[in-house]
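Next, two complexes with subunit A in common: one pairs it with subunit B, the other with subunit C.
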Partner chain A sequence: MNVKCIGFLFVFIGQAYSESYNEELFIKPLATGYVYSFFQFTIIREDDSFKHSTLFPHSLGDIIDRFHVSELDVDLTSGLWRHKSWGYPAVDAPSGAEISARFHNDTQDVDQHWYGLTNALSGLLCTSLNFINSANSYESSAHRVYRYSNLPRENVCTENLTPWKKLLPCDSTRGLSSFLNSGRVHNANYHSLGIHFRPLCNAGKCKYELRLTVSLVYDSVFISFNNNYDWSLRKMFGTGLFMTCPLADYSKIYLDTSSNISVPYSISQEPDYFLKKNIAVYNLNGIFHLSAIVSRPKIVVSELRPLLYTDRFITGFGQEYGGLVTRIYNDHRSPITATVIENIPWFLPIYYHTLKVTSNGIRVTPKGLIYKPGKGRVRIYYLEIVLELAPRSVTEISVQFDYVFLKWQEYPPDANHGFYIGSAIVKATIPRHATSLTFDKSLIVDNINSTGSDYLICLKTENFIITLPTPDFSMPYNVICLACTVVALAFGPIHNITTKRLKLTTAKYVPGLASIAQKLYVLLKNIIWNRNKNNKRKAAKVKVFAHEELSYHPRLGHVSEEFMKDKVDCIK
Partner chain B sequence: MGIGLTRMYNLVFKKQPIGTVGKLDDDDSDEEIWELIDKEDDEDLRNLSSAIYAFILLVIGIPLWWRMTEVQRHSLPYAQISQLSTMDVVISTDIFVYTKNPYVTEHIIEQIYTSFNSTMFSINAQPSTFINSDDHTLNKLEMVITPLGSLQLIETTSVDDIIAGIGRNIYFPPNTDIKLLMDSLKRLLQTDALSDSMISMLNPGNHSDDQQVVTERQRRVRPSSDYNVLLTVVNPEPDKLHVSWKPEIPLNRYLQPLLNQLKLISNFSVQSQWLYLIDLVQKPPKLNTTFVLDKNHAQYIITPLEKKLGSGVSQNPCIHFVVYVTPCSYIPLYFHENNQLTTAMMSARWGGVQFLNVDQISCNESLSFIPDDLSIMSPIITQFHSLIGVPNMSNYISLMPLKSSTLRKWQLDSMYRLKIIEQYTNTRITLTSLSRLLGEISNIVIIEEVGKAVTESIEAATKVLQCIERGQLEEALEFSKIAFETSEFAFTHPSLLALLYFPDDQKYAVYIPLFLPVMIPVLMSLRGVKNWIQLKYKI
Partner chain C sequence: MEKLLFFVYSIGILIRIYLSFSDFSTSIADRVEVSTPLNSWKRVIEGVSLYNENINPYDGDLFHETPLALVFFSHLTSTLSDFYVSLVFIACDLITAFVLYYTSKIYTENLLKQQTKTKHVYNKKSKLLIPDDFSVINPFYVCSVYMLNPYTVFSCIARTTTVFNNLFLALCLYSMVKRHRLLGCLSLVLASLPTFYTFGLLAPLMISCASNDSKNKTGSFIITFLTCGTISCSLLYLCYTIMNEWTFLDSVYGFILNVRDLKPNIGLFWYFFTEMFEHFRALFVCAFQLNASVLYVIPLSIRLRHDPLLLATSLLSLTAVFKSYPSIGDVGFYLSLLPIHRHLFYFMQQAFIVSCFFVGCTVFAPTVWHLWIYSRSANANFYFGVTLAFATTQIFLITDLLFAYIKREFALKHGMKRMINGKKARLMLD
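Presenting the complex of A and B:
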């Protein structure tokens, strides 16, 4: 009995350091015929040591513990989120891989931990995060312990999804994660895997939140077989839900029905209840399927255009006068303060004096500006600009850069494909009511109910590709061969001139193969010559006449008598 | 040379008119000119410059090129490395003997010297001076402190068999067969296990004749200075069964004291995790009322788990303990081994698996099941002992029961000895293979850092031998750890491989276009230079 009491006591203590797990799926039909689905698997724990865990993935906990990570965001994305027509996503991530981490404040060697972390994560998620080095990551201007990097060239595929799913307590066997079939996930127009870990501290008491997220955008025309705009869970994910995850406190599906006004659709299942009037909520506890029939398909412009969106492109032609332009559109009726962070790789040296910020064509001075010049092969060009965006304005930041020659080993495979330049980051605080949904709380349900006034958005711009001057890669060997040949060609004559003299000498008889051959030749020649001489004698038996034997012919002169007889008769 | 030229010039010009007049002199004068030209030719200069070319290329150029393209090799103490393998390992151990009768004591000491014939031990037996009081109850005797690494044989009437105590004392009743006592002594000092572990490491394939010693060795995890211990609780049916158990509490309570005791040997990092929804791959057959899984089928549990177990971040070996909560439909589930049913099973060098059979009530009524800490932890502790190499003597000698999971002092001593021998032998093998590899593969780079590590490792290894010869176990352990770590560091340093994949044919492809056309004329001219030297110095 006593033992049991102690046992109960331990259980009680144990539950104080508990972990909770929730599964949520947020579906939002977008006005342009796309369907956005956002999966969020949230684990919240109270213990800051990750040695022992019940729901928190041990492999990730070990990494967090070992490298003193206090905040971590990893996003693996394929496709481009179109803010202008799709609004704001739950988690904004640029195409490729993006990672940012904040370490504990007392961490001594931050860089070492940062590279350790990226290497560990690259092993955990099968990504190329191990290519992160000082030349493609930066530390924040405000925090010594913050690091950021993105790898725009990273391809995100099944090999990333499978290890990501292993982090979930129910893996992909039960619950909402059973929707994530790699074939379907990678069929989406946009998909993004995320790992977001952060402490939530309130009055000195901290909780630790891990959100594992997946964002998928499907084109409803593409997934429906009848070429209409109908969508359903099965059409999107290939399966319905059979079992919920028993470890989750709850599993819920939220359906944003706000677009129902402009593009009406009917849903197969009545929701359990509504939140904020237009968010339909389904509590999952067994087999579940949801489908929507869009009766009157028509493409309309999104009714809630985002307040703030960006555009980014390069200017210049050929490989001259390269320029980089970032445009920020503010459609709000009041000014917005935004921070733009450009991270430009070292092989794109920018000219700081060409930095120009214009608002509606008029040059303005930014409120704040931090510039850390880059350094070849070591450091990126870091540019942080704080701007006040005028109401209903287009702000343009432009800067010119140069195309540089790289060392031949620094070119990636398929160098003519071009170099990817990662996205810029635009951070701004917008009024919360300006966007249909916010995603800054732990759970989606808290977000829907949140009443704060401001919402921090973080926009990631497009990546782009530039072509640097690319050499012919067989060049080094050619150069070696050519240079060697030239040296050898020059060396031969110089050596000869300095060490040899042309000199007339009498040929000496040198017994050897040549002389034997010569003798043989002479011998053979003599034999042949002799034979020819004999032949000549036989063939031309010339009779020599004496003077008196000849007679005179008036035209022919002296001829023999026989000849005279024959010829003279003929002539006659 | 100038004079020679003018003379030749004069000669030619002076001879010219004569030549035109007297046709008879013509041939003579030509020969003379040519002879002169031959004589006055700058032959010395030409040959000298040939020689200089050859000198620059062969004496300066090639060695310079050789030096520049040479694989960087910091010099290593090869002689000391090869010397290591000739040095004998001798562990000196004190054995104190106490009996009431000094003659008996003398006799036992004599017997120890004559019958103890292990080459690895140098025994120093002597009468005990630690026991002064006449109170010979076991409790009192247990209080007697014997120095580290030694053993004390105490004759007492309180026991009726040879019993190993918790300290370093061995109790034997009067009139014990001296042979039996010697046998126990050998067992306690682990002479067999030590030599077996050394032999098997140095000559793979060779091992001791004692089968148990061999199995025990094969079970041990590979030597390392850091280990991870990961306890994984698997609940395959979290929807049907709720298990309320916090592994960190029993781990701290039962395993941690043991790990603290072993902290000189290596660091252990204890972690635990829960996994869910992992089913048994093989359906266990039912025997009477129980489900039984053959011991050889444990891989069907381990294999599906393995891919989710580790984190892969740590380079240290991990000792896994898996507590598999039996699914409700297979209760009770046991392993079948040698006609015995057990819940726990050990996998050599990997860890252990055990079934946690919940009671049917929790299954049926979906109550929280609270398992008993001790019944889960005791197999784990036993398995942990075998995995790290704690000597198991229970088959030979009766042991005094322990009140906690910690080791007896003499057990810890033998653990120390075993680790010293293991780490020392490992160092020796690593260094020998490194020096052999360097001899065989010329492309291996040795940077200064690696060179230093090797030197440090050898120094530490030599100190290990000195320390155990003096009987200083703790110091020897420390040095063996240093030797082991530095040798591993040197052997696995990535810089070793820096040039390993740079093939020779590519070198030739680069150098031949330059060297071949340059070398041919230089080498050809050497013959002329040789003739010239011979002519000049009349050799």
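Presenting the complex of A and C:
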């Protein structure tokens, strides 16, 4: 009773700030026995200041206010979405962390706001978004106030899920969010957390929409224990639903039954009603459970392929020169215009003149091309290509690159694991199709009901790992010593040649250490002899003649005057 | 002798043409010893294609030639097909060999002239005397070393811009022995604008130009210096007018001086600055760059002031060892200058060791590179070891040559016999 009262109070205040909240879950059995579930928690508010709110997460509102953010997308993903067999997801996100933001048009110092935003979000979500700098983010070619970055190396785990759940009005105690147990979420083959904030403006009046999304893909064979394709909410999430969130206007579960034709299954509960014939809708208001028994647990026929999908890989061998190939498959019967955005990190310098675009093996010229060369440690290589994809064709974009040799402290720990290269982005407007799900409206129900013929998709390609050649990390002192020795090898003799003169000497040549030992010996002997005053013997001294004192004799070589005198005496 | 020379020339040309149009050319051009970030043709093409697309090539990290070179190469590649571009490189090498031939000829003739003035002093059988046939044989050797040395051949086939650089350097040396100030200054500036280090050759150029008029040496020094300064300033300004901004300075000279690209080459910089602790980096960059550019210029100019060409040779070879992005094209160039100083060979002691090491390093470098980069069974230390050995060998060669010079100088003054009062004596530096 008490809870209901408080809930009522909140709803009342919420309405005062004109905020609304909805919880939705979209479930779609995918081909090859996977089940896709997409959670969406939508908050819409009309006030553009985020100082006071009841449903809108205050911590996020502060950040949005402070950094003049007008649009924000954050995705934290683990695993790879397989477009070819799974179709399109509701939110396409590459593996790792991805963030993009648009700031208010009048923002002066966009970069500073961008770094401030990423740092704040890294604190809010416990991610490494603070590693974002100019060397891994880019500014859109069209908008000055737009920034994008991805961190493919980011590991998404429990520490991100917990703070993310705190943004929800009902936390994870009630409603659909009680399905999100970290143990189960991270058991999924693919999971992606998202925060999507954007303004919805209509005739000068704006609403602000915040969608908190989770995409999960479970392998139904793996979760069913008895090697069949049956799935249920409890098997996937570890629990059924006990209570809905009282703050939500409604909570609904949608089940896409279109695959029932190829893989028949029976559902434990009759839906409340159907949308567009094959989307079963369940209105939630209390305890709820749903399970499906798949009647033919055999090899599942693959669904219709999506119209547009991509492939990306590196070519070449060794760690000197390589190539980067992005393939775009158009399975549609008419041409599609697509924009491909490659953002390649600075340690993979690409050669623009080797850029080759082929369609079914025939070289074509792209409709539009923007290239911004990167710069070491400062800026990525940005390549934007607008292409017209011929009907039923494979378009291949290939470019060559060099492997860069980094400074030894720039390698990450476990350097031989390699460097992650983020995904390319392919944007295209494609016609509505059997595998398509549009998610451009706020609520899933509106999206299902929408009746456009074309819609925009944004595909993210695979990431890849590249192992750059490494130095020997244990060598710094040795290298410094050896290289300096070689320099000294030149400096010593040249110093001698330029500052000293050649002279003749009769002193015996004693190499290195022996000469030091001899000098010491002579010195010690001198000291001992000098102590014994009676003995006046001197240590033998070798005379070095200055050439002015000598004259040259063709037979005897250099001779001193004394020597000549002696000689003359002898002769006499 | 003319027939032999013609023979060597044609062999040199045939080798170059054959390799340029064979499949070897790309694999040679990809070698790190041949193409460095500063001289590789691939990067020139990249710069030119960016320039033609109206993208500033100096925004990127790949192009490091001067704007003058950029415009030149842009015209070259747009007017000539790939085949003719190769021929241009071969032709440049031929001209360089010719210029070096005449340089050597004039220099040896000058030496002989000087010798006849003082001939009456020497013993006729003395080994110090330069025989008359040197003026024929030396140029032939110089020319054939340049034409047939694999280092220069590879550099030409890989179409490195070192080929053009060598041409300007050869012209500079030629004008030194000809004592032609303007040509000397112009070629010196053209050679050192893209590579920076060779500006040290200003010293021998100043000395040789000053030896023309014995009255006012300081004046002559200043005139040469100012000529070079004016030409380089005006060329830099010309570069500015091409690009309309000064960013190329950082892309060319900042890149050379800060050693931003740590791709291995035959020099000492790459591994040293890969393994450098960040807070010592500035100190060692300064120390190494000073060592490569100006440290030896003044002392050697004072010591070798009577022989500007030897001074130039030793400065060129020292920079080829110590510069930040050396290639074997540079090594090949100074090696072909050695026969000019054949009268010093009698006093050189380490020729055998040095030549063995040259061969050894040339074989080992690609081998350990393959082991490191492709089969991944070796690591960076192996290649570093080879480059260290190569640098040491070259240093031995240079110091041996310099020692030979001062020994000959000594022997000219004091005779060949190393005896004092009838006893055997030895030479020492004191």
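Rule of thumb we're sticking to: the second predicted complex is superposed on the first by the 454 of 572 C-alpha atoms of A that agree within 3 Å, B and C clash if a C-alpha of one lies under 4 Å from a C-alpha of the other, contacts with A are read in each partner's own complex, and residues count from 1 in each chain.
One rule holds for everything that comes next: a contact is a pair of C-beta atoms (placed from the backbone, for glycine too) under 8 Å apart; a residue touches a chain by one contact, two chains touch by 3 or more.
Remember, predicted model here, so these are calculated numbers, not experimental data.
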Partner chain(s) touched by A:Leu504 [first = subunit B, second = subunit C, both, neither]: both
First, second, both or neither for A:Ile528, with subunit B first and subunit C second: neither
Touching partner for A:Ala517 - first (subunit B), second (subunit C), both, neither: neither
First (subunit B), second (subunit C), both or neither touched by A:Ile465: neither
Touching partner for A:Lys375 - first (subunit B), second (subunit C), both, neither: second
Touched partner set for A:Cys170, first subunit B, second subunit C, both or neither: first
Which of subunit B and subunit C A:Leu247 touches, first, second, both or neither: first
Subunit B versus subunit C as contact partner of A:Cys481, first or second or both or neither: first
Superposition-derived comparison: subunit B or subunit C, residues of subunit A touched: C
Partner chain(s) touched by A:His58 [first = subunit B, second = subunit C, both, neither]: first
Residues of subunit A at both interfaces, subunit B in one complex, subunit C in the other: 480, 487, 489, 491, 495-496, 498-501, 503-505
Subunit A - residues contacting subunit B, complex: 3-4, 7-8, 10-11, 13-14, 51-55, 58-63, 66, 120, 123-124, 166, 169-171, 173-174, 246-247, 477, 480-481, 484-485, 487-489, 491-492, 495-496, 498-501, 503-505
Residues of subunit C that touch subunit A when the two form their complex: 30, 32, 42, 45-46, 48-50, 53, 55, 57, 59-62, 260-264, 268, 270-278, 284, 288, 291, 295-296, 299-300, 302-303, 318, 321-322, 372-374, 376, 379-381, 384, 388, 391-392, 395, 398-399, 402-403, 406-407, 409-410, 413-415, 417-430
Contact set on subunit A toward subunit C in their complex: 317-321, 346, 349, 351-353, 371-376, 402, 404-409, 469-472, 475-476, 479-480, 482-483, 486-487, 489-491, 493-507, 509, 544-545, 547, 550, 552, 554, 556-560, 563
Of subunit B, residues touching subunit A in the complex: 34, 37-38, 41-42, 46-47, 49-50, 53, 230, 238-239, 244, 246-249, 251, 269-274, 276-277, 307-308, 310-314, 368, 370, 372-373, 509-510, 513-514, 516-518, 521-522, 525, 528
